[in-house]
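Going in written order, the chains are labelled A, B, C and D, and every chain counts its residues from 1.
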């Protein structure tokens, strides 16, 4: 069951890679949030209330609802055109992501077992690298934010492999991280949207040597 | 206001000079001065030792600074930028202090510190006329090059420290004795390069010709007079400490010095700027000093005391002499600059009638620097010659040949120097004026003349009574050749006997000249002496432009040495029937500088500027760098492993 | 004490943010300064005592905290001057102040934290507050700068978090079960090498963003360029020290295990690249603040080399860190007044500062010599130590390369500084009309900082030496 | 002793040269003492000074004369030393002559004429080029004898007793040739320079003294011949026999001086002046000859 969810999770990554319209991107992110919730729910063998609350906050509220909505609002407000025009064509990026997935799985299998065998770990790695890759390959600021969120999701999954026995602190950290980064990133993206009309990174290349 | 500062500075300099000179003189008489500052954890103990060598240097420094401060106060009268002037005077004092400390401190780190303070202060003194672009450029050039030199020194000191764990200079001796010869030589070469940058040995000389013209004249005098000598001091000090493999080391020194001497004078002759010319002459004289030290060292190696004494005595004496006449020459150049606002030899002329005293002083210095009797330059060169000559009697042909070539080289240097200074003095001071001045040049103030007289008196007295000064050199030389102190060893008295005769001849010569001149005037009184224009070989209207110019004076010569120096000619070809105004200009560029520095610098810069794609303002790239770094490290650490797995991957099919 | 400090500083931050009366703000700032100093002294007095469960002030933490407190005080002073010379809205001012105070308190806590995750949280906070500071001017370019800084730092913070997770993994397998530096340090040998490597790699890469090393140094440059000079001073000193501290902690753990050599190589690669890049950009940089920023990169590179060498090198590195913080801060403060004399921030237009403001020019002159480690600069000593450690460890080639690069940097730096000071500028309209002429007193604190550098370099008080030595010893 | 002889011989040296030339060119030339008369007349005359020139110009001839005069004190006479003699005195000898030249040159520049500058530059360059030859020769002679002052060197040259007499004599001959040409160069005679030319552009020494007149000119003329005698003396010293009777040596001395002078005369009447740009090669050639001497000495004292 969990594995199924994880597979779905990876599928969402493919969706992000190929997403032409930002809406799809956002949808994929929201759906990732949902998947994360599910994964958490199934993974956690013992649930104490605090942990549950934290989980709900993290995954359902923030990742599945608030952030997607906020992004959506941003797009609407700044009239960002709907294409996520990448540097690298969607086909290529899809290919690259597939490559990432494959190699990670392969290395995970060939490298020593233990955690590498652990599918969570593999998925998280895939997600993180995909997030980084999307960041590098996309033009728009908003897409940067989105790919950052994807990367964060990867981190969350990773923390699943590690963080279960760890104290609350790690979760707290994740929460703070998401909250802070997303909020502030969003606000700044908004500002940028106000100041530079067409919110592309292309405009943000004045500071250089 | 301005004057008050000047007076304070003079007072301070004199006070410091007097105090240190007292100590130094005692040391020179053989009562060494030593006490140890209990430093701290960082520096370690700081021993302050003033032995005869330091004393000799300190006395020279004090004298030069005394003349320098007097001349400088007169020279800077016309500059009224108060803040700048105050800073200048302050730094002047700092420089004096730091130089004396350089001569006395014997702790590695502390030495480096005072050494660098000296560099910095002299650098700031050089850029006194900061509003000129080239001044700043020259200053930075000086600063950077001395920085590189210091890096060499630092490395060698670190080497010694990490081997012995001591911060005292004596650690070098310890190191040198406990290491194989090759190591000691390497260490010495490192130190030689490091100090050579300051001393201006070729090929570490390229900063001099820029820095000297840029600096105000009294500072140029200081630099050429004493600052570059501290490089020599460092080398001598290290020689004292690394007491092994003297022959090889000596040959190294000798080779470099001969090269510097010839190269310096060869390039000096073709310079058009008076101060630049003098700067190249400093290089030449450093070469001569080096020759002295080199043969001295070889003498130590050969256990040939006569050779050693002649070499070191000549070298050390030449340090003093050069500091005297070179500072005098620079002061003269400064006076010219102050009056005419140019240093281009081609534009000057006939100044002897406008500023006769300066002219005479300059002439004296010029004769001295050519090493002609009866002045001091000859004395030191004579000592070196005698050493060289006696070193000819070695028992290996190669060695004798080498020594003979050095011998000849020294002679040639003398000849070239003569060519150069006949040009410098003749064109600048003699003949008729080559251009109209806005302000009529006149003799400079007494304030500026007095120190020059001081230097001139010293020059003449060394020339006429050399034996006295040789006696002063007994203890410094004894540091290198200890057994000249015991009375049985007669080398020193022997040499001083010869010097007495030389001085005597000098006196005879002067008297003779005087007598002949008097006879002429006496007999000439009852004759008709008329004055008429110069014989132009039938060409009546004589025009200053008809005069022989500096470039034409050295034309034959520069044709001969064309291959050695790279001359840029801007020739205007006459191809019309009625040619208009034409320009023809030549300027010489230092070939070594071009090949050693400019070229390498260029490609190094190119290399570095290849990295400029990095900060391109694209956020994506910035993140990419991180990713690349991570992957790079992973690959470095697991490269082989990953490679195998990939191979395994392909084996599957 | 930490608890009180946190609460009080938060209180100050919020009240400054909401009460927008100048006098209130200033009094609160003074209060905070007192608080900061009391914290410093208190923590020094009980060294190595666990406080508030997560905080344990150790030697290096104390040293850096002291540096921070000094710089915080001066920065407040110059912020006062800086804001006094511009007409900002009260909102903007109060945001500035609160962000600055938040930054400083976050940094102090990050210094003292003994727990990987806690450090990480405070690092996160520093990112936020500094991005706010960068945006203070409200111009497009400042927005761009703060955006980039924020984004890059967030990514790198995420990387740090990944690293921390790996560390946690390792500590689980070693049955340590928590992320206290002290525990990890003591049980370092039992940690699993592979995970430790992974953790080190990610954490190091993440912290380079703060420490200003290759690979993530990029955003920091823009930040220092765009931030107001008093804030930039903090960025290029205390904030970089935070990054250094993070690296130092993880490296000190790694140094106990068999991966020491590997970690050393990683550090050396990064440091060498940093030196290379700073040298390359020094040759073509166009504005002063960016030049200062690149020189910070260079110095962090040197520090990293020293740290990786260990022993005397580490001593030199810590000393160098302190001295560099003071010097660079002084230069940035001085640049604040340069900005008031010369309109343009570009090097090509600059010149003639010596005539316009002599005392400031002297600060720059002295600062140049000190930052390039030419005596009478204390940094000469620290660099000497670092060089010597390189020599002792047999990295002669590294020493040579470093020397060459440093020479390039010195020459470039000198050319620029002397152009600013002395170059006769033809078009005089680049000069501001001196309505409020800069008084000499403004330069005095800078002189004090520089003098401090000289003093600390040549005759460091026993306290400092002992602290550094304990830090070096604890490193093992 | 030798000093007096040199003075004596200097009195008629130029005369002999001119006489030889006139004889060879079939003229009934002036008497040997004609130059002396000229000088005497000149000394009586008043002098004309250029208005551009300064006291340097007036001083120079005196210096020129006195340096050569002082240099003459160094020349030994066979077994008995010169008035002044000490170790390495030849260095001083060479530098004294250089001093004289120095003043000549600046005096020439003092007049501000283009021609004299030209001459000055040539003179300076040539004397510079000539210096190595002198030093190498003396150096190798010193090496041969193992002494280092004119007196000791010359008094201890005994070719017959040396290891290989043949080479030793050859050395003596070579040395004398070198000195001969040095003398020619120093006084700038043919082939380096032609004193009798009438085109200033081709002069070296003569053009330098264009503006000198009266007493100065006389002094300069006399110094010229004194210089010749000087070198003649040096050559003579190479060939003295160690005999109890000084008379023989005196005869040798004079005969050699005459020989020298007439050689110069012969050369002048049978050789054309070299082209200006060939002079440097010619002068350097002498240096290489002197290097031959050095090699020879090395062979004699058996180091090769």
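Please note the rule applied: a contact is a pair of C-beta atoms (placed from the backbone, for glycine too) under 8 Å apart; a residue touches a chain by one contact, two chains touch by 3 or more.
Because the structure is a prediction, the values reported are computed rather than measured.
The set of chains in contact with subunit A as well as subunit B comprises C. Across the assembly, the mean Cα position most removed from that of subunit B is the one of A.
Note on interfaces B-D and B-C: more C-beta pairs are in contact across B-D.
Averaged C-alpha coordinates put the centre of subunit B at 36 Å from the centre of subunit D.
Distance between chain centres (mean CA atoms), subunit B to subunit C: 43 Å.
Annotation: 100 Å between the Cα-based centres of subunit A and subunit D.
The distance from the centre of subunit C to the centre of subunit D, with each centre set as the mean of the Cα atoms, comes to 79 Å. Multi-chain contact residues of subunit D (touching two or more other chains) are absent. For subunit C, residues touching at least two other chains, in rising order: 148, 151, 155, 281, 284.
Counting only residues that touch two or more partner chains, subunit B has 612, 615, 619, 621, 623. All chain pairs that touch, listed by label, are A-B, A-C, B-C, B-D. In the complex of the two chains, the subunit B residues touching subunit D come out as 349-350, 352-353, 356, 363, 367, 370-373, 378, 381-382, 385-386, 389-390, 392-393, 395-397, 400, 404, 407-408, 411-412, 414-416, 418-419, 422-423, 425-427, 430-432, 497-498, 501-502, 505, 508-509, 512-513, 516-517, 520, 523-524, 527-537, 542, 544, 546-548, 552-557, 559-560.
By the touch criterion given at the top, residues 40-43, 83-84, 87, 109, 112-117, 119-120, 124, 127, 130-131, 133, 136, 139-140, 143-144, 147-148, 151, 154-155, 158-159, 161-162, 604-605, 608-612, 614-615, 619, 621-623, 625-626, 628-630, 632-634, 636-637 of subunit B touch subunit C in their complex. Contact residues of subunit D toward subunit B in the complex are 43-54, 56, 58-59, 61-63, 65-67, 69-70, 73, 84, 86-88, 91-92, 94-96, 98-99, 101-102, 105-106, 108-118, 120-122, 124-125, 127-129, 131-132, 134-136, 139, 142-143, 146, 148, 200, 210-211, 214-216, 219, 276-277, 280, 294, 298, 303-304. Considering their complex, residues 112, 115, 128, 132, 135, 141, 144, 148, 151-152, 155, 158-159, 161-163, 165-167, 169-170, 173-174, 176-177, 180-181, 184-185, 188, 191-192, 195-196, 204, 206-207, 209 of subunit A touch subunit C. Contact residues on subunit B toward subunit A in their complex (touch as defined above): 612, 615-621, 623-624, 627, 642, 645, 648-649.
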